[in-house]
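Chains: A, B and C, in written order; residue numbering restarts at 1 for each.
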Amino acid sequence: MATATAWRTGRATTLRTWHMTRRAYPWTYAVGTVLPAALTIALGYLGFHAIGGGETGADFEKGSGTSAYLAYLAVGATAFQFTVRLILWSAKALITEQRQGTLGALLIAPATRLPYLLGFTAFAVLSSIAEFLTLGVVIGALGISIPVASAPGAVAGALALIVAVFALSVGLGGLMIAAGEAHISQNTVFIVLGLLCGYTFPRDYLPGYVRWLAEAFPTTAAMDVLHGTLTGGHTLTDLAPRLAISLLLSAAYLVLGVRTLPYFERRAVERTY
Amino acid sequence: MPDTGIEVRDLHKEFPVRDRGLFGPRTTKTAVNGLDLDIPAGRITGLLGLNGAGKTTTIKILATLLRPTSGTVRVDDLDSVADARAVRRRINLIAGGERMVYTRMTGRENLWYFGQLYDVPKRELRARIDELLSLVGLTQAADTMVERYSRGMTQRLAIARGLINDPAYLLLDEPTLGLDAPIARDLRRVVARLAAEGTGVLLTSHYLAEVEELCAHVYVIADGRHLAAGSPAELKTATGSLGTVRVTVPQVPPAVAEVATRFGATRTPADGGGEILTLRSPDHMAGPLAAAIVGAGGAITALEIKEASLEDAILALTDGTVPGPVVLA
Amino acid sequence: MIDATRSAARVFAAESLKQHRRLFGQPLVVFSMLVWPILQLATTYYTLRPVATASDAAAHWPLAADPHRLLAFLATGTLAYAFFFSLVQSAWHFSFERTTGTLELLFLSPAGRLTLMIANGAGALLQNAWLLTCFTTAALLGFGTLSVASWWMYGVVVLALLIPAVAWGAFLNSLLVFSRDSAFLYTVLDEPLWFVSGVRLPHFALPTVVQVVGAVFPLTGSLIAVRGALLEGDTLGALAPTLGWLTLLSALLLAAAAVILRVGEAHAQRTGRLRLA
């Protein structure tokens, strides 16, 4: 019974968002999410050829398990843009409702919050496909081919990333509506994740204590799996421990987020009065 | 520079209107259609008309925010288009209902900011800011951020801003719109004082009582064209808008009847005995009539006065009850 | 002439206060003008490290051999980009004065329009960039990577950053005041700017077509001048062509701003709409 209701909520949210976005597609938004990834890959490409002479330093190979720098970068940049996009949709779902004035209506409805947020996530994932294709064109045009060491592993890694980002978004969304502020929080989260979680460079580069800090994010382990099963030459079995850590951490963040969301929602309502 | 006033001659303003996107049919909307106005120094001139008559467009043209399609606007012999910058130094605009100030600065800083833009002489600026803050009752709140001001306080600050350059001509577009009654009253006092001190004022307002109180001369427009012009009293007379005095007398001896005839008052029986003498006149006749009745030995049990209304006059003009333009003096 | 200068100075003072009140100590400024650029700098450094540590890298780009010099290169890029991007942000903010109604008051006043645009940009720049400038200066001194031909080249560096940035700001202000869709402009000038101007890569690494596009942006020229003067020990003579181009570009931007303002205001006076588009 509860599952059926949850499914209805999630499905309704996905459809609603789809219709709203279809009617007023924010082109500047789409350009704004594809462009950074494309330019980062282009940056790497130009640097690789003009500076590196087609080669990379030894510590890169040691840290990443591959010398395919461009493929590594392409995977990382794409994954990072996907992370940004997912956070923008699911973490900002509630604060967008707040700004539009519809938060009150949402809060008094009997539906629970998780299916609602999952609905947003589903929409974000589905609509990202168009952007992946665009990025794929850029990657292909630059002559970069991405090796797949383990297809099941790559899928598992991608799913783990989605789950990890979603788990982070739940709590982040709550913080946003309680503070009534999204711009500073979201951008800070993006930049911190981009620096710590090993998207576009091996985490070995970072100082020891920073690497420990990075382990607190479920996205870190998820990226290890993704990189490892694509350019890293590893199988899913090799990276099963990392996958497990990512999923466990995600579960912990999810529980924390769901538990604290009602409190943040109350604070948000009080703040506006 | 001679204070010759603001002279508007044959003013026309048309706005291009695009109905549908970039390639739709283009039409023009005529907002002002041949206006002549004179706003001399030291006088408060009213500009009246229903919504859409062209009042705000006219004021914006005088303020150099809009350019006339044809016709001339001269401020103290300066052309408002060719000499726009010099004209801007001599005028200012206060639009009611708008609270156009910077919320992240204090009241004092807002005034200082605009004083800088108007190049108000430094020696005078400080004193003038203090004076204006006192005038609008914001001295206590002068150093508080405007984002903390109440709505009324923000409006008062907007008024002070409109006076920062000590303008020779002040354009007021519904200045008391949305203002609390005491603040509105204070503003009217300020405006009257400024005019007495030589400022030329153009006032548009929907509060006709305000117009009647302040304006020596009024232009009435509709569809961007003249309907009438004159003092409020002249307009009332010309449109037959009359005040009413009703005096209830317990008896009408011959002397009192003669007074009634002399004044042209009508007589109707009153409930509970006696008669009501009703006199309609554009002038204030309550005092003279009452004195005459008492002087003729009559008694008065009730006296009711209903003033001649400018509102009636405007309505008569704008709904065509009074045909054609009625231009007086 | 003296009167005009004096009233322009007063407009500058007025706008400086306005921007100071708007920006100083605001969390958004601290984050967008200090925290994020520094974290982004670290990310870029690590992202480029694989190619900078390649065996052939030093031959292609001597700077790459020394991590400190690479960081200094990227840090100057970050600083210059922050300068120019902060003006994009403040122009975006300035265009909102249209909705609050204060823009109309500015046009009502006799203050010079171009002066207002320049003053607004300069005021915003000062408030936005002082923190990062201090930090970067400290960092560069700390790295010990500075290689400056003579002491007055520091002055050249300051001018090569300030003047083009302010001209750029004035141009953007006048553009955004009169355009309906400012969001698009904002997007176009965000990411592509760092790419085409060589913020994160040396010039030679960019394809010719990108270099040509980049040449149009004053940030590109500023970067060449700043990096040359601070990191390569270039003299005034060596930088003369770049500085000459920057001067020309700045003059063009100011002229364009003046034209846009004149046309835009006349259009607004005719149609009653403060929009060119």
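Some notes on this structure:
Operating definition for what follows: a contact is a pair of C-beta atoms (placed from the backbone, for glycine too) under 8 Å apart; a residue touches a chain by one contact, two chains touch by 3 or more.
Since we're looking at a predicted model, the values are computed, not measured.
Overall, the chain located most centrally, as judged by its C-alpha mean against the mean of all protein C-alpha atoms, is C.
When chain pairs are compared by their number of contacting C-beta pairs, A-C comes first.
Taking each chain's centre as the mean of its C-alpha atoms, the one that lies farthest from the centre of chain A is B.
Note: centroid distance chain A to chain B, computed from Cα atoms, is 62 Å.
Centre-to-centre separation between chain B and chain C, using Cα means, comes to 49 Å. For the pair chain A and chain C, the distance between C-alpha centroids works out to 31 Å. On the chain B side of its complex with chain C, the touching residues are 15-16, 57, 60, 63-67, 85-86, 88-89, 92-93, 98-102, 104-105, 109, 112-114, 116-119, 161. Looking at the complex, you find that chain A touches chain C at residues 28, 31-32, 35-36, 39-40, 42-44, 46-53, 55-60, 69, 73, 183-184, 187-188, 191-192, 194-195, 200-201, 205-206.
Residue ranges of chain C in contact with chain A, taken from their complex: 27-28, 31-32, 35-36, 39-40, 42-43, 46-57, 59-61, 64, 183-184, 186-187, 190-192, 194-195, 200-202, 204-207.
The part of chain C that touches chain B in the complex is made up of residues 6-7, 10-11, 13-14, 17-18, 21-22, 100-102, 104-111, 116, 266, 268-272.
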